[in-house]
Each structure stands twice: as structure tokens, then as C-alpha cells.
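Each of the next two complexes has chain A plus one other chain: chain B in the first, chain C in the second.
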Partner chain A sequence: MNPAVEFNNVSKSFGNFVAVRDFSLKVENGQFVTLLGSSGSGKSTSLMMLAGFMAPSGGHISIDGRDVTELAPHKRNIGLVYQNYALFPHMTVAANVGFPLKMRHVAKAEIARRVRSALEKVHLDVFADRFPAQLSGGQQQRVALARAMVFEPAILLMDEPLGALDKNLREEMQVEIKRIQRDVGITTIYVTHDQEEAMSMSDNVVVMSKGQIEQAAPPAQLYERPRNAFIAQFIGSANVIPGFVKSNEGAKSFVSETGTTIPLQMHGAVEEGARKAAIVRPERIRFGTGNDSLAVPAVVESVLYGGTMIRYATRAGEQRIDVVAVNDGGAPRQPGETVHLIWEPKDFLLVDATAN
Partner chain B sequence: MSDGRRLNPLAIFSWVVVAFLLLPLIAIIPMSFSSSSLLRLPPPGYSLRWYEAYLFNSAWMNATLNSVIIACATSILSVALGTATAYGLSRTKWKGKALLQALILSPLLIPGIVIAVATYSVFSMLKLNGTFTGIILGHTIITFPYTVVVISAALERFDPRLEQMAVSLGATPLKAFAFVTFPIIRAGIIIASLFAFLHSFDEVVMATFIGGPATTTLPLRIWDGIRFELTPVIAAVSSILILISCAVIGITEVFNHRSRILAGEKP
Partner chain C sequence: MKMTVAENGVLASNKFKSKRAHRSLRPSAMWLVMPGVVFLAVAFVVPLLILLSQSFYDEGFTFRYFAMILASPSYLAVVWITLRMAVLATAATMLLAYPVSCYLMLAGPAMRSFIMALIIIPFWTNILVRCYAWMAILQRRGLVNTFLTDQIGLIDRPIEMVYNLPGVLIGMTHYLLPPAILILYSINHNIDLRIVGAARSLGASPSRAFRHVFLPLSMPGIRAATMLVLILSLGFFVIPALLGGLKDMTLATLINVQFTESVDWHFGAAISMVLLVMTLVGIGVYYQALSKTKGGKQP
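Entry: the complex of A and B
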């Protein structure tokens, strides 16, 4: 079966400025894929090229196996949701949702029926006769969602749809969008700069930076197996320790740029001497004892008591290492106390120090 | 409380200026109801004879009809051109755009008589002088820049993403304009058309140059009336004109208000 959407080496330049470079991505039918990246990383530009409002400077885009690079936007059958909702202010909610059906010459009675069922799906059927200005931000966004799906488009595109909502409403809407998307089974490409949102909603997350894909993977893989230091830092928090691998009488160790030596216990070949970044997540570090052969001695510098979690900043030699521990009710470590940091070998990753 | 009621010298001055400007207009109205055949204030008695004289005089009626036809045609033509121009300018970005904009607006800065003379000399080659087409085109030359300004302002407040959204929902570009862009900027277009109508209805200089005996407009007829038969009929006609202007300005305000409400809904 053809992928629902395929970007093939797509690029976009504005004058000399390259906004999107060598963008290649396959989205399978029914998948929820998120483009994640900081502002200006080329997410919206990629989406606009798929929607047909910007012509790529190079490469091809296909929908369901059909090359649409040159196809006019109104023929692409794509549902679009923007951050600012873009509801038509002079039309009622029902007229807004019915608009795509009217453009497709659907019969009046059929339009009324489908509009009602679309509004029921987003729990807004009682507001059919209101104007957008009479609705709250969250309600407007749900109208926009209903309008984008009522004509059963092949693909749903959402560009930071929750950006204008406050935190509680945003979380509620995340659940709702996910529920509707799963019910309908529509292929969805979602854009956000909020990594938690991306992680919790998506089947696949595409991390972008400076117009390029840094890594495209399911959320868990992105977190557990970041390809480079950029990804590790962007997704969740991580101790990123630049340095290199050294071998001494058969025992391998990692030497940080700050001069701290960390013993390694790793299977497989490890390239010696090459510049790498060691990644270890703060919550994967435990406090052990000096008897542990792999323990790294460190001194607690500061303690942040956060209720559920306690955050420690420690220093192993010159290298700062953050630790997050679940508050188990015991007495927290004190600043100045010497601790022994241990972790599972699998939680200590060696990745490329630089991004693409 | 006393603060709000204190007499503000600036406000007093403004009201004096307004009164000074409006006084001649207000003085016209009692004269139009005069029973005497002299333009005198205050009138010796009151009657409707001058309104009757206006309504039952074929020369006055012809001039009125001419003016209505010319003003309607001018209004439609300049709004059609103005909408297309403003839309094109708002949707594109290119180098000489600012120059073209300045060029389109330049008639606003050129004295009306210069435009009239220039138009006259070109129209004499095209044999348009003395025709309705000639006056309508001449008036459109004057009103077109105004309509571009007013409609551009309406488009400025319009979020182009709404149109983009309409297209993504399956509307052809033409339908997107008809169903989304046009209804939202409609207030601006109506204001522009009323404005063009009023301007053409009042215009004297261009009509003097381009017009002929068959196309005499109401302002021209008034002008002739003042010179040859100074009677209160002129006061009656003027009063009617004042009333029409007030009505048009009132309607404009209503639409202005409405367009601001629509713009306010733009997120």
C-alpha cells in the first residue's frame, strides 16, 4: 500500500535563505505524525507545501502514491486547522462546518445531516446557530476541527492548533483531538513546538531544526535512543557530557572534556578517541555506595525539593551531573555530601556530539 | 464631576469653526421655503412653491436624471476597478509596487482643473466630449483613487488566511473571494461606492469641461441657475442635495461601524 503522504527530498528557499532542506518523510495511513521543532525550524513551511500554498523549490510530494507537487490547493482534499482557528466570522458555526460540503455541491439535506453529526463529535451541536465571535477559544478550535474533518479529507493538517489556549484547556484538547483522530482513523500531521504535546499525542515524532530533520522516530525511541546530543536535550532533560572514549589495559572509560573519568561497561565496539557526547537522563541515575565498581563519586551542590521529585545538582570532578530522585520519604541528601552515582549500562548512551 | 463640565477652550473653538462651516448650509434651508421670489433672509413668508417649481420643470428634472445616471455608472465602474486594483495590490509583493501605488493615488494631489483639462484634450481625440461615456470616465478618473484607498483599508484588516482556508476547504479561488473575502470587505466596498456616487453627483469642473448640452448635470444646472435666474428654486435644490449627502454619510457611518465589528472578530 502507498504511504498516505510522502515527501521526497523536498526543499524550499526564500531568496538565499533555505527554510526547508532535503526533507524526506513517509507517513503511513492512519498515523498521527508530529513535526516538532523550535520556532523558525521550517515546520509550517513544510505543511504549507503539502497543503499546496507554497511551491517547493525542489523535490516531490505525493499523497496516496499520486504526485501532487503541482496540484492546485483546492483539489488536494486536505483538512487544515490553524492556531488562529481561521473561522469565517460572517458565517454561523453550522455554515462554517458546512462550507467544504457546499463547495463540493453536496445536497442541502445531506449537508445539514453531516454538519450535525460533525458538531456532535466535538460536542458543539447546541452552538450550531452561533457566530464564531460568540464562542470561547476552545470551542472555536473544535469548530475548526469539525470543519476540517466533515468532508472526510484524506489527510488532516494541524499547525500549532492549541497554541492560543491556556494550559488546562490545551491538555483537555490534546486528549479530545487524539480521541477523534483515533475514532475517525484519519492520517494526521500535527505541528507543535511543545515536546510534551508531541510525545503524548504522536505515533511518530519528526524533530526539525534549521529546516532539516534531526530524527524521526516513535516517542519512546526518541527518548531512549536519541541520535545526537541535540535530540537528547530537546526531548526531555538530559545530562549531555561531551568527551571521548579511552581504553586502559582492557578497561574502557569515558573521559569528559572537563577531565572527569567515567568507567564504561559496554558491549560492542566503541570507537576510541572520537569526539562523542555521553547522555544520561537525570531520573535514571541512582545513589549507590562506594562498593559499586562503576559508581562515579560526586558532591551534591544544590537540592531542589519539588514534592514528588527532588532535583540534585552534583559535581563529579569538574563535570556537572543532574540527578532527579523520586521522593521516597527518606531524608534528602544535603549540599556538600559526597554521593556515588550509578546507572544501568543501557542508560548511558554515546551519541554524536553535534547535530546534523 | 465639575471636571467633566468645565468649559474646554479647544472644544469651544472647534464648535465655532463647525458653526462657521455649517451656517451657509443651514441658511439655505429656510430660504428654500420662502414665498418670495427673492433670495432673502429671513423669508417674508413660507411656501413650497420652489420645490414645486423644481419638480415640475423638465430642465431641472433632466439634469437630475442625468446626474443620477452618471453617478450610478461612475460608482459601479470605479468600485469594480478599485476592488480589483486594491485586491491585486494586497495579494502581491514585488519591487515597483510602491511606485504603482503612488501613481494610482496621484490624481488625489493634482488640482481637479488640471485633470479636467488633460482629460478634455485626450477625450477630444477620442470623440468622447459631450457624451455620457465621457463624463462617466472622467468622473471615474477622479473617484478611482478614493475607492482604491477605502477598499485597500478594508483588505488590510482582512486576514488572508481566511481565504487560504476557504481554498483548502475546496473552494476555487473565485468562490473563495465570493463567499469569504467579499462578504467580509463588503462594508468597505459599499462605503467606496457611496463615496464615488456622492463625489460624481457633486462634481462641477469635470462636468463643465467634458459635458455638453445633452449631459447637463444637476450641479451644472444650479450653476447656470445662479447666473441667469437667481430664484429660491436653487435653495430648494440645494436643500435636497444637502439632505441626500447627509443620508449617504449616515449610511456610510453604519457600514463603517459594521466593518469595524467584523474586523474586531478577526483573531
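Entry: the complex of A and C
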């Protein structure tokens, strides 16, 4: 079976500026894939090329096995949701949702029926006769979603659809979009700069930087097995410790650039002397005792009491290491206190220090 | 634009706007307005009222002068000629101005500045200069006719392009194009072109996206420009006088004749009243149309 969407070595440059470079990606039918990156990473440009609003400078794009690189936007059968919703202000909600069907010469009665069912799906059937300006931001976004799906497009594209909403509404809409997407089973490509949004909604996340893919993986893999320091820092928070591997009488250890030595276990395959970055997530670090042979001694520098969580900044030698501990009701550690940091060997990752 | 909506569905931003609009001027600020108001009252409103009052007062209250206009087919013809000329010139102007204003929205900054200069330079040029320039171009032995007859021999006899209705329309359209383009552009450039892009992605061909989305959204601009151009064309005097023939007598030229040649101020005032009423009715119709289509306006 053909992938729903395939980018094949797609590039786009504007003059001397390369916005997207050798972008290759396959999206399987029914998947929810997110392009994640900061502004200027090329994520929106990739989406606009798929929608047909920009022509690639090189490479091919196909939808369901059919090359669409040269196809006009209105012939691509793609539902597109913009950040600013792009609703037609001079049409009612029902007319907005009915627009793509009208453009496809669907009979009037059929349009009315499908508009009603699309609006029911997004719980807005009572607002059919209102104008977009009479709705709240979240409601407008749901109208845009209904409009983009009512004609049963092959794929649904969303460009920062929740960017204009406040935090609570954004979380509510994430659940809503995910529910609708799962109900309909439509292949979805979603663009955002918000990594939490990407992680919580997607089957696969494609992290982009400077027009290239850094890593494409399911959210859990991205978090647990980041390919490099850039990904580790971009997804969630991480202690990123640049340094190299040293071997001493068969026992391997990691020496940070700041000179702190951290004993290694289960990292047999790592060659000695390789310049790496060690990654350890703050919430995977626990406070142990000095008896533990793998413990790293450190001094607490500051304590941030956050209710559910307590954040510690500690220093092991010259190396700063952040720790997040669940507030278990015990007395928090105090600044100046000496602690022993321990973690599971699997949580201490050695990755490439640099991005692509 | 991001909108916040109050519980009852009223747009908060609109509420804010109207509150500001209704805020009354502070007393001290009134003094700043007074000189202008006094000047306008003394130099414009009072003379106008005195003049217009002469249309129905001539040693006693009378409708004699209005009866003269209504009874005479030749005067009614002038009203008709004025109206027809204004409507034709407005139609020609809008048909030419609209595509230019659309192009201005799509053009890059450098191209836009260049076109703006091309629009504004004639706008600053004196109307008499422009009329004489058109005479030189359009007359029997003018640029166009000489080119068509002598240079390429397309026609045997020169075409009559000036001192007739086409001549007046060319002059008027040329005069009206810059304000029409500027008004259309200033209102239409607020249209979010991503909305047109959305229509394209939803299956609309370029022409259907234009017809169903861009055109309706540009209607406020079209209405404003049409009305302004129509009101301007009703009062044209110089262009019909210079580029028109004897048959192309407009209300404005007729008023001029009454005041300067016939020296019949009462009759001239009556014709002025007719022109004023026609213009006011035009404005009234315009605002009526505007208020009816409020629902379709962009938020």
C-alpha cells in the first residue's frame, strides 16, 4: 500500500536562503504526524509545499502514490486549518463548512446534511447560522476543523492551529482534535513549535531544525532515546553534559568538560575517547547514599519549591546537574547540603554532542 | 485579529471602540475646533444658505424657478445628461481601478511604490493642464488621429474623440482613477489573503475563490469608491466645458452660464439646489446600502 504522503528529497530555497533541505518523509495512512521546530526550521514551508501554495525547488511530493508536485492547490483534496482559522467572515458557519462541498458541486440537500453532521462532530450544530465574528476563538477553530474535514479529504493539514488560543483552551482543543482525528481516521500532518503539544497528540514527531530533519520517531522514543543533544534539550528538559569517555583498568567512566568524572555501567559499546554528550533527565535522578558505588557526590545550590515537584540545582565538582524530585512530604534538601546523585544506568545516555 | 468574546456574545473589541467614539470632547478642546468651525460657517454655510434661499425667494416665496426647470424639456435633458455622464464615468473608472487596486495588493514593495507614484503624479497635476493635454492627444489632428491616419493608415478619416461624450468620459475617467484606486486599495489591503488561500485549498479554482471570497470581501471598498467617484462626477464643470461638445451641457456648466452670462441668480440657485439634492440623495442611498450589508463586513 502506498504511503498517504511521501516527501522525496524535497528542498526549497528563497534566493540564497535554504528553507528546506533534502526533506524525505513517509506518512502512513491514518497516522497523526507532527512537524516540530522553532520558527525558521522549515516546518511551515514543508506544509505549504504539500498544500500546493509553494513550489519545491527540488524533489517530489506524492499523495497516495500520486505525484502532486505540479498540481494546483484546489485539485489536491487536502483539508487545511490555519492558525488564524481563515474563516470566511462574510459567510455563516454553515456556509463556511458547506463551501468545499459547494465547490465540488454537491447537491444542496446533501450539503445541508453533511454540514449538519460535520458541525455535530465538533459540537457546534447550534451555531450554524451565526457569523464567525460572533464565535469565540476555540469555536472558530472548531468551525475551521469541520470545514477542513467535511469533504472527506485524503489528508488534513494543520498549521499551528492552537497558536492563538490561551493555555487552558489549547489543552482542551488538543484532546478535541485528537478525538475527532481518531474518530474519522484521517491522515493528519500537524505543524507546531510547542513540544508538549507535539508529544501529547502525535503518533510520530518529526523534529526539524534549519530546514532539516533532526529525528523522526514516536514521542516516547524521542524522549527516551534522543539521537543527539539538540533533541534531548528540545524535547522536555535534560541535563546535557558535554565530555568524553575514559577507560581505566577496564572500568569506563565519563569525564565532563568541566572535569567531573561520572562512573559508567552498561555502556560497553562506546569507544574510548569519543566526544559525546551525556544526557540525564532531571526527574530520573534520585538522592542516594555515599555507600552506592555509582553515586555522584554533589552540593545543593538552590531549591525551588513547586508544590507537586521540587527543583534542585546541584553542582558535582564544576558540573551543574538539575534534579526534579516528587514532593513526597519529607523535608526538602537545603542549599549547601551534600547529596549523592544516583540513576538507573539506562537513564544515562551518551549521544552525539552536535546536531546534524 | 484576535477577538475576545464576552459571555453574551457581544464583541468586546466593538464595545471598546464604541465607548471611545462616544467619549465627549473636553471643554478645553472645543476652543481648538472653534476657528475652523467659525470660518466654515462664515465663508461657506452662510453664503450657501443665502444663495440657495434665492431659488425659492424672489420678492416673495415662489416655486417659479423650479417650475421652469421641470416644464422645460431642455433643462430636464441637462439633468439626464449629467446623470448619464456621471454613471458612465463612474462605471468606466471602477472597471479600470479595481484590477489596479488588486494588483497593488499582490505587488512587491518596490513595484507598489513605483505604481503609487504613477497614480499620484497625475493626481497632483492641475485639471486644466490635463484637459489641454487630452485635447492635444485626441483632437482631429492630434496624436492618436495622426498616428492612425498618416503613420499606419488604419483609417481614412480622423475619429471624433473630443468635444463629444467620449472625450468627456476619457477626461473624467482619467481624473477619477487616482482617488478611486487609492480608496479601493486603502480599504481592500486589509483583506487577509490567507482567506483566499483557504478557499483555494478547499477546492475553489482561482476564479471561484475570487468570485465567492475576495469579491464579496472587497465590496465595502467598491461601495465607498463608487459613491465618492459618483458624487465627484455629478459636479464636474471644467472637463465637460473643455472636452465636451455643445450637446454635453451639464448641470455645473448650466449653473455657470446662469451666474456669469445670463446673470439670473434665482434660476442658477434653483439649478444648484437640484444638483445638491441629487448629490445628497446619492449619499443617502450609499449609507442605506452600507448599513444593510453590515453583517457581511469583515470583523
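Details
The criterion applied here is as follows: the second predicted complex is superposed on the first by the 354 of 356 C-alpha atoms of A that agree within 3 Å, B and C clash if a C-alpha of one lies under 4 Å from a C-alpha of the other, contacts with A are read in each partner's own complex, and residues count from 1 in each chain.
Here is the rule we use: a contact is a pair of C-beta atoms (placed from the backbone, for glycine too) under 8 Å apart; a residue touches a chain by one contact, two chains touch by 3 or more.
Nothing here was measured: the structure is a model prediction, and the numbers come from that model.
Per the definitions stated earlier, placing chain B and chain C onto a shared chain A by superposition produces a clash between them. In the superposed model, A:L135 lies in contact with chain C only, and not with chain B. Judged by the touch definition given at the top, the superposed model places A:G42 against neither chain B nor chain C.
When the shared chain is aligned, chain B and chain C each come close enough to touch A:A86.
In the superposed model, A:G211 lies in contact with neither chain B nor chain C. Of the two partner chains placed around the shared chain by superposition, neither chain B nor chain C is touched by A:G243. In the superposed model, A:F53 makes contact with both chain B and chain C. With the contact threshold set out at the top, residues 51-53, 73-74, 76-80, 82, 84, 86, 88-90, 99-100, 103-104, 131-133, 147-148, 151, 164 of chain A are in contact with chain B in one structure and with chain C in the other. Of all residues in chain A, only 51-53, 73-74, 76-80, 82, 84-86, 88-90, 99-100, 103-104, 131-133, 147-148, 151, 164 touch chain B in the complex they form. On chain C, the positions that touch chain A within their shared complex are 2-3, 5, 9, 11, 192, 194-195, 197-205, 208-209, 212-213, 216-217, 295-299. Considering their complex, residues 159, 161-162, 164-173, 175-176, 179-180, 183-184, 262, 264-267 of chain B touch chain A. Remark: chain A residues 51-53, 72-74, 76-80, 82, 84, 86-90, 99-100, 102-104, 131-137, 147-148, 151, 164 touch chain C in the complex.
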